[in-house]
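Chain naming follows the written order as A, B, C and D, and within any one chain the residues start at number 1.
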Amino acid sequence: MQSDQQKLQAILDQAVDHARASTERGRVAHYIPELAKADPQKAGIAVTLDNGETIGAGDWQQPNTIQSISKVFTLALCLGTLGDNLWRRVGREPSGSAFDSILQLEHENGIPRNPFVNAGAIVVTDAILATYQPKEALGEIVRFVQGLTGDDQIFIDGRVAQSEEETGHRNRALAHYLASCGNLYNPVAHTLGVYYNQCALTMDCAQLSRAGRFLAFAGTLGPNRQQMVSMKRARRIAAIMLTCGHYDGSGDFAYRVGLPAKSGVSGMILAAVPGIASIAVWSPGLDRNGNSHIGTQMLEYVTNEMDWTVFS
Amino acid sequence: MQSDQQKLQAILDQAVDHARASTERGRVAHYIPELAKADPQKAGIAVTLDNGETIGAGDWQQPNTIQSISKVFTLALCLGTLGDNLWRRVGREPSGSAFDSILQLEHENGIPRNPFVNAGAIVVTDAILATYQPKEALGEIVRFVQGLTGDDQIFIDGRVAQSEEETGHRNRALAHYLASCGNLYNPVAHTLGVYYNQCALTMDCAQLSRAGRFLAFAGTLGPNRQQMVSMKRARRIAAIMLTCGHYDGSGDFAYRVGLPAKSGVSGMILAAVPGIASIAVWSPGLDRNGNSHIGTQMLEYVTNEMDWTVFS
Amino acid sequence: MQSDQQKLQAILDQAVDHARASTERGRVAHYIPELAKADPQKAGIAVTLDNGETIGAGDWQQPNTIQSISKVFTLALCLGTLGDNLWRRVGREPSGSAFDSILQLEHENGIPRNPFVNAGAIVVTDAILATYQPKEALGEIVRFVQGLTGDDQIFIDGRVAQSEEETGHRNRALAHYLASCGNLYNPVAHTLGVYYNQCALTMDCAQLSRAGRFLAFAGTLGPNRQQMVSMKRARRIAAIMLTCGHYDGSGDFAYRVGLPAKSGVSGMILAAVPGIASIAVWSPGLDRNGNSHIGTQMLEYVTNEMDWTVFS
Amino acid sequence: MQSDQQKLQAILDQAVDHARASTERGRVAHYIPELAKADPQKAGIAVTLDNGETIGAGDWQQPNTIQSISKVFTLALCLGTLGDNLWRRVGREPSGSAFDSILQLEHENGIPRNPFVNAGAIVVTDAILATYQPKEALGEIVRFVQGLTGDDQIFIDGRVAQSEEETGHRNRALAHYLASCGNLYNPVAHTLGVYYNQCALTMDCAQLSRAGRFLAFAGTLGPNRQQMVSMKRARRIAAIMLTCGHYDGSGDFAYRVGLPAKSGVSGMILAAVPGIASIAVWSPGLDRNGNSHIGTQMLEYVTNEMDWTVFS
């Protein structure tokens, strides 16, 4: 086992080395002022194994807002409360369009294609507000993620949330459009307030890889430990990650990396190797679909070297 | 092992029993005259295990044309010849629209979204014709599938191919549209001629489950046997099946069944359980996305009972 | 001349009689609470001739909010201030989609197709706010319409404006979408505040037909009277009315009625017979494109009987 | 009268002079080999007045294929035979998309938006084949246009028709798509054969302006002469020309020129000044919507100078 971890450590180091040497680094998200400041040279990766150990390389201990990766956690939380009733309000199909597209809503009467495009995640957050007041809801989300991570230091970066709220005309357009279709039950300001705050959950790769264990270990924090999400639900969330987790680049990611994963516009990606490991990567430069360019390369390298894939 | 197979046999029998008792059976494809004659009461399932044994239940030995499932085999054959050059002419993303949609071609300059929508499969067939004359190409396809199956009795049902050719205005529209974008290199009649014939490859569930072994067993016909497709390529084809194999129902299928799979309009579905088994089901009634309604239910039942999924 | 007006009076009376006898009356707009109360049995028509006389029939003296017909007046006012610079922010093509569609904005980077779909009219109002503060702007709009009508009693029904503002999620979605594309320069609340108020301008058919004289009489209030809008601009606005004035029913209206015209969701329509007359009709029931069903029938009847068309 | 014609002649000469001096000339259609040979420096204009006289300037006597302008004549012919039954198969709304777009067909079940986009014109031609065999149909079309023009020398340029037929994958895609929706009743080859031949009707500007008299003179060949098309039908065709005659540039053309008109990809445009004149222009360079760039400029100049518009 020791030598296995040494081999993995070496591969993570190589992945970061290759990442740092890459000349094509993608483009840092420019439309959220706080994110636009990120250094595209940064690259980190962390892996949490089934024995509970977390190892990492590069900038794996630098905290970032997890942005759209929060959609995985709110989906898990929401399904835990509402169950399958959620699927009356949001679909489970890849969208074939951009993360912030409004087109599909008009074609499909305000039912977002899946919970990982922005419109879908706004509906999920809105559905959580059926049970909780906005402030309570945020508390629940933070506590849920702290529980998954086993780390009660995880917090929300209010400055980033504020920064997004001030510039988020596209999301407000989506929310009002949903409302006009009867698929938003709370005031737009309430739902988006919670939404922007959940996106500003702040973790480093180590924390994020621990938060994602339930996806790799059938809903538990690792073999023989606490069941956080039912086994079936954890698998199903992983399925949606594989088909929809990278917006209109989901097919390509499945082809190249072969794992269920979810990306965020801060350049983080959370991936699960069922039964084996939970992985988090970070590098701020994005490809044209809004997914971390270098982060995807690091995942491709590591999964290739480790022979990690769900397809064999 | 014996008792394992007995347990599986019992589960397959139950799956067929439940299928036969189901009142909602979907709707038999009406636009291909030969398929319209199928009996929606039919239901069969076959599983080929890593020990090479095939067991089945229900109408598992009734031959059918495999229709769009042929796209998996022509993709494997084409990638073997052209390699990644194919991806210049076709994408790898879920389409977000119907199997025979032409919309996306207009938006994306004649590059089909993936090789499993009709337009994409027509391009794959066209690409095979770069290497072979139409008749040779068909021979190659048949021999390739016979090799995968280990059964040289597999044939093309010319009557069904003819029936499709006579009524296939939509596919001709797609082919001419591709040609108008410069993404069809051979005469429309040649490419579609091969396309309709490959769709008319005829197998029962037993044969089809054997033909799909390379997807479950890393490109081989089972552990320690012949490598038919490279390991990496087999996995990647499986990845495309999972994200795109059920048209605009791919996300829902991944959510419910959790396996890479490809459906055909005859009501067959081919699915792979990596390292464990290859499954073929058949029941002619289709859901609104063109996938076998009862076939999906049988797969959901069996994978649930057997705990087969790629997500854990 | 007297007998001509008697003949016209008789035709207007007949138009209203036929309208009242019609069993298919369309559907009153339901999404604006104040409009939903309207009585679909109502029908009125007024014609203002080049001699300045206004004659009418039916409910021609019942005031209503003019809704989207206000877009004609704000366009004229805005072009008077900004001139052709406006066309950098909004197009002049029929949209091929619904009045409140957001699809086209996504396809065309936030440039609305024309100034008569909601998104385009919101941009026009926003452009007026480059010159005036919101309250001033409303004052300017009211005074401009009063001047065109020659009636300083015309007012804004604040209750209807309020009613729309409270329920107008779709328009807020459009405005935020425009803002996200950089095509809204003022705060959404300011621009929409003015927009809802302009829509609540209140007139009866008599007043509206007088307000529309500049469209029929080359920018004047009738031959030999004050030039309110330049001749060229008045003609061009009429051209946009003919191609875009009835949303996705504009082609059909041109075919049946053959006049430049603009409809409003309250069931009013303003039409111009160049050189001859300005017509206003009202009946609250709408067809599927959001245009007055009975109003169109009355216009079709009168123009047919009077042989009024721009096409001969 | 004489001096009026002299004034008009001078204006036509100036229009051509300005056209020849223009540096931005658009782009000659490249996808039809025979058209690609045209000289973009060419520019001609002809006007036929109500007294029957035709005057012209520039290259007004050089024959060209009229291409899509033929759609006006086949529509008139078809409505004469089928009457309003045609409107069950084709709409009357501007399309909001390109002349050869297939998108709208998929959204609207194979009913083309109007008879002037390619798909719509193919349906019109197909409808003519309900009455005539393909060769007869062509004969009828030619005789009808000869009758309108009063010139039995008008012919079809078979070489251009052949050239289009060989390269016309997009039109074949449209026709097969229509067929797949049940909106093409004849074999694709028959309908397209007639379609390509009607597009190859060959006229110079003088002939074309005479052929268009029925649009300007209420269905007659000029005041007090033969009624070729009913008055109402002629006006209605003019209405469709105004809203749909320039594809996705129809709104802009109405705004700038203010006349019902139809363009063809050879660079010709036919326009009608109701009660006054019929105009034909030609210059081969096209704008991005496929309409003659210089031709539109010449029309804008002449209508401006002559104060010709339907909007006053």
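Keep in mind that, in the parts below, contacts are C-beta pairs under 8 Å (C-beta built on N, C-alpha and C of every residue); 3 or more make two chains touch, one makes a residue touch a chain.
Molecules present, by chain and UniProt name: A, B, C, D = Glutaminase.
Predicted, not measured: the structure shown is a model, and the values here were computed from it.
Asker: If I average the CA coordinates per chain, which chain comes out farthest from subunit A?
Answerer: Greatest centre separation from subunit A goes to chain D.
Asker: Distance from the CA centroid of subunit B to that of subunit C, rounded to the nearest Å?
Answerer: Between these chains, centre-to-centre, one finds 55 Å.
Asker: When the C-alpha atoms of subunit A and subunit C are each averaged to a single point, how far apart are the two points in Å?
Answerer: Those two chain centres are 48 Å apart.
Asker: For subunit B, give me the residues that contact two or more of the other chains.
Answerer: Expected reply: no residues.
Asker: Sort the chain contact graph into one of these: line, ring, star, complete or other.
Answerer: Per interface graph, the chains form a ring.
Asker: Can you list every touching chain pair?
Answerer: The complete list of chain pairs in contact reads A-B, A-C, B-D, C-D.
Asker: Under the stated contact criterion, what part of subunit D meets subunit C in this complex?
Answerer: 91-97, 104, 113-114, 218, 231, 234-236, 238-240, 242-244, 248-252, 254-255, 258, 260, 274-275, 309-312
Asker: Help me check something: in the complex, which residues belonging to subunit A touch subunit C?
Answerer: 101-103, 105-107, 169-170, 172-177, 179-180, 188
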